[in-house]
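Same chain, two partners: subunit A is paired with subunit B first, then with subunit C.
Coming up: the complex of A and B.
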C-alpha cells in the first residue's frame, strides 16, 4: 500500500511540475479561465520542507554511524569522536551567533514597521504617521546598538519634521515627504547598525564563528582543492607519454591551448597563438562537447521518465 | 626520507605558483575574445543605469581562487560605472563572499579615490542565499514584485527601505545577470530559468578553467554574451579595466594568472622530461 501511495505521489508531483512549466499562465477550457500555477510558490515551499527533512536525516545518519563506532571503540573511533565533537561545537556556536543576531534585528522591528508604513501608506494617510511615531515612543523599546537618549531624540525630531511639513510646508509633495522620512530612518539605522556590528563582532560567539568559518573551514576547503594542482602535475609527468598518433595529437592540442592562454605564449612565441587557441575551442572542442551534452540530456530525460513513472526497480522493490 | 621525482614536481609547482603571488609579479595576460565581449557589454551600459545587474556568486572556497577575482572585477567595474547590483547565490558556501566581496571592493575603490565612495543599500544589496535553486529561479523570474517576494535583505532590513531596490522591481528591470561558478549544474539552472517568454536578461558567465569547454557551448550559441575563462579571462578583463581607468592601482587577478602561467609552463617542461626519460629507458632496454 505504501509503495502504491509513494508511486501515485511521485507521479502527481512530476505531472504538476511538468504542466506548470509548459502551460501558459492563463488559459481557458470550456469557457472557463484557468490560472494554472496560481499556488506554485506555496507548492514549491514543500521542496524546502523536504530539504529540511533531509538535513535531519543527515544528522541522524552521522550520529548513528559514528556514534556506534565510538561506543564500540572500533578502529578509527578517534576520527569519529573528532567529527561528532566538531559537529556539536560548530552547531552550538553558529546557533548562538544566529540567535544573537536575530534578537538584535528584532529590536529594530518598530522602526522597520514605521518605514514600511511610510513607503506603502497612501498619500492621504500621512497624518496617521505621527500617531504611529507616538506609539513607538510610548512603547519605549530602544533598539540594540543605540542609546535611549539618541533614539528618543531621533523619533522626536522625525515627528517635528513631519508636523512642520504637514502643517507649515503645505506645498511639499507627499511622495517627497515619504522619501525624506524613509531616507532619514534608513540613514539612522545604517549608522547605528554599523556601530553595533563592530561591537557584535567582538563577542565570543561571533569571534568563534569567524575562527570556524574563515580560519578553518574556508582555508581547509581551498587547500583540499589546491592539492589537485600538485597531483595533476605529477600525474602528467608520470603518465602523459607520446606513444601513439592520438597521444601526439592530444599533446599538440594541449600545448597550443596552454600557450594560447598564458601571457608567455603571445609574448615570446607568436601573437596569433590566442586566436589559434580560440579556433580549437570553438571549432573542435565545442562541437564534440555539444554532442556529448545532447547524448547525456537524452539519457537524463529517459532517467527522469523512469523515476517519474516509478519504473526503477531499485526504488520500491 | 628518499627524495623522489614526486617531491621534485611538488616543490617546482609550489615555487612556480607562490613566487609571483607572494612577490606581486604580474605580466600582461593573453588577450581573450570571451572576456573582451563581457567587458564591452558592461562598458556599454550607461553610467548610473536605472536597470540593475544581478551578480550570482555560486562558488565556495574550492574554486574561490578563480571565481573570487572574477567577482571582484565585475563588482569593481559596476561600481565604477555606478550601476546598481544585487548579489545572491544558490550555493550555501558562498554566503560569506556575498557580504565581504562588495565591501572589500568598495573599500579599495574609496582608498584609490575618495570620490568613488559606494554604499550598501544605495549601490548594491545582498539578497543572500536561496534554497531550491531551480524552483526559486522559476518563481523569481515570473514574479511581478521582487520586493514583496523576497521581503528582506540578508540583514533582515525590509527591501522597501533600500533605495537600490528601485532597480530590482522584477525581471524586466534587470539588464543583465553575471553568474560566477565552477558548478555547471548551477550555471544551467540560471541559464534555463532566469528568463520569461517575453524577456531574457543578458548573461555574463565566470567559470573555472575546468568548465571552460562547457561554457563555450553556450557562448557560441549566443546564450551567454561573454565570459571569464578562469583566472586567465579575469586577468584579461583586469587589463581592459586598467586600459579604461589608467589611474587604477588594484591587482585582483594578474598576479595569480602569472603564477598559474609559470606552473603551466612547468607542466609542459616536466611532460617533456618524462617522455625523454621513457625514451632513454626504452633505448637502453633495446641495446641490452
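Coming up: the complex of A and C.
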C-alpha cells in the first residue's frame, strides 16, 4: 500500500513539474483562461522544508557517530570530543551573534518598510503620501544608534523636500519624486546604519564569529585547497610517463598546450604555437567534453522518466 | 531555460519515445547487446580483493545531491554493499549532502537485508562530514588514512576536491574506480584512479550489473535518442555551412525554431 501511495505521489509531483515546464504560462480552454504554474513559487519554496529537515538529519548523524565514540572511549575519541565541542561552540556563537544583530537592528527595518511604501504608493495621491509619510515617520521608533534630534531633523528635511517639490515643480513626474524620497530614506539609513554597525562589530559575539570564520575556517579551507597544487604536479608526473600509445598522445597534446600557453613557446620555438593550442582546445577537447555532456544529459533524462513513472525496481524498499 | 517552447516539447517527445519503446520491447523479451566495460567488471574484483586483504571499502558520491544522478549511484552502492555484506567487509559512505542520508541508509539496509545480514548492518558507517566542499575533502582524507581503505569508489558529481579525494586513496595504495558526469574532473580521475567511467557510463553501471530489463531497454533507447541529437547537429552544421554560400538557406534558422515561443 505504501509503495502504491509513493508511486502516486511521485507521478503527480512529476506531472506537475513536467506540465509547468512545457505548457505556456497562460492559455485558454473552453473560453476560460488558465494560469498554470500560478503558485509555482510557493510550491518550489515548500520544497525548502525538506532541506530544513535534512539539516537536522545531518546534525543527528554527527552527534550519534561521534557521541558513541566518546561514550565508549574508542580510539580517536579526543578528536570526536574536539569536533562536538567545536560544533556547539560555533553554534552558540553564530546564534548569539545573529540574535544580537536582529535585536539591535529591528528598529531599522521600519525604515525599509517606509521606503518600500513610498516607492509603491499610487501616482495619483502625492498629497496623501505627504500626510501619511508625516504620520508614519513621526510615529516610527527612532532607529537604534541615532539620536532623537537627528532623526526628527531628517524627517523635517524630508518633508520640506517633498513639499517644495509639490509646490514648485508641478510638472515633476510623480514616479521620479517618489524615487527621490525613497532614495533619501535609503541614503539616511545607509550612512547612519554603517556607524551603528561599526559599534556592533566590537561586541564579544561579533568578534568571536570573526575569529571562527576569518581566523580558522577560511584559512583551513585555503590550506586544503593549496594541497591541490602539489597533487596536480604529482598526478601530472604520473600521467606523463609514456607507457602506451594513448599516454604518448596525451603527453604530446599536453606539451603543445603548455608551450602554446606560455610566452616562451611563441618566442623561442614557433609563433604558431598559441594558434595550435587554441585549435586543439576548440576542435579536439571541446567536442569531446560536449559529447560527454550530451550523453549524460540524455541518460539523466531517461532516468528521470523511469523515476517519474516508477519503472525501476529501485535500490531500496 | 525557464520555460519550454513548442520545438523543445517536440524534441523531448522525440528523445523520450525511443526510451519507452525500447523498455517495452526489452520487457517483452528482446535481448540487447551490451558492450564490455572494463571499469564495471573491475567492481566485483576490487571488492573481492579488499575482502581478501580484510580492508574496508569506501564509497563516496562527492557533491551529488538528490537527483537522478544520486539514484544511479544508489544502484551501484546497492550492488557493492550486497557483495560487502556477503563477504563480511564494512562499507563506509562519507556524505556531503544531508538530504541523501536517509536514502543511502535505506539502500544499505535493503542490501544487507536481502543477503540476510541485517544484524551486521551499522548505520554509523554512513558519515555526514560537512556540506562545505573542502571540509568534506579533508574529512574523507582522514577516513581513508585512518581506516586503511582497500577499495575506493568515487561515483557522482565532483568539483575541485576530486583530486584531493583520489590522491588520498592513491596514497594508501587503494584500488580506485571512479565515474563522473563532471567533464572537467575526468582527467584528474584518469590520472589518479585505476579505472574511470566517463559521463553516461555511470548511468549504465546499474543496468550492466543487474541486467534489469527496464534499465537495459532504457540504455538502448538512450542510444537512439543520441542518434536523434546527432542528426540535428548534422542538419544544423550542413544548414549553417550552406547559408554561407546560398541565400536560400537562412542563417540561424534552427536556433530561431527552438527559441520560438507559444
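Note that in this section the second predicted complex is superposed on the first by the 256 of 317 C-alpha atoms of A that agree within 3 Å, B and C clash if a C-alpha of one lies under 4 Å from a C-alpha of the other, contacts with A are read in each partner's own complex, and residues count from 1 in each chain.
Here, a residue touches a chain if its C-beta (ideal position, glycine included) is under 8 Å from a C-beta of that chain, and two chains touch if they have at least 3 such contacts.
Predicted, not measured: the structure shown is a model, and the values here were computed from it.
Contacts of A:55 after superposition on the shared chain: subunit C is touched, whereas subunit B is not.
Of the two partner chains placed around the shared chain by superposition, subunit C is the only one that A:312 touches, whereas subunit B remains out of contact. In the superposition on chain A, contact of A:22 is made with subunit C only, not with subunit B.
By the touch criterion defined above, A:85 lies against neither subunit B nor subunit C after alignment on the C-alpha atoms of chain A. By the document's definition of touching, of the two partners only subunit C reaches A:304; subunit B does not. In the overlay built on the shared chain, the residue A:238 is in contact with subunit B and with subunit C.
Within the superposed three-chain model, A:293 lies in touch with subunit B and with subunit C [touch as defined at top]. When the shared chain is aligned, subunit B and subunit C each come close enough to touch A:221. Of the two partner chains placed around the shared chain by superposition, subunit C is the only one that A:64 touches, whereas subunit B remains out of contact. Counting contacts as defined above, subunit A residues 21, 25, 51, 220-221, 224-225, 232, 234, 236, 238, 289, 293 meet subunit B in one complex and subunit C in the other. Contacts from subunit A toward subunit C in the complex involve residues 21-25, 27, 50-51, 54-55, 57-58, 61-62, 64-65, 68, 76, 220-221, 224-225, 227-228, 231-232, 234-236, 238-239, 289, 292-296, 298-307, 311-313, 315-317. Chain contact summary for the complex, subunit C toward subunit A: residues 3-4, 8-9, 12, 15-16, 19-20, 23, 67-69, 71-72, 74-75, 77-78, 95, 97-99, 101-103, 106-107, 109-111, 124, 126-128, 131-132, 134-135, 137-138, 146, 160, 163-164, 167, 181, 183-184, 186, 188, 190-192, 198-200, 202-204, 212, 214-215, 218, 221-222, 225-226, 229, 261-262. Those residues of subunit A whose C-beta lies close enough to touch subunit B in the complex are 21, 25, 40-41, 44, 47-48, 51, 102, 105, 108, 112, 115-116, 119-120, 182-183, 185-186, 189-190, 193, 213-214, 217-222, 224-226, 229-230, 232-234, 236-238, 240-242, 251, 255, 258, 260-267, 273-274, 278, 281-282, 285-286, 289-290, 293.
Across the complex, subunit A is touched by residues 5-6, 9-10, 12-14, 17, 27-33, 60-65, 93, 96, 120-121, 131-132, 135-136, 138-139, 142, 149, 155-158, 160-163, 212-214, 216-217, 220, 229, 232, 235, 257-258, 260-261, 263-268, 270-271, 273-275, 278 of subunit B.
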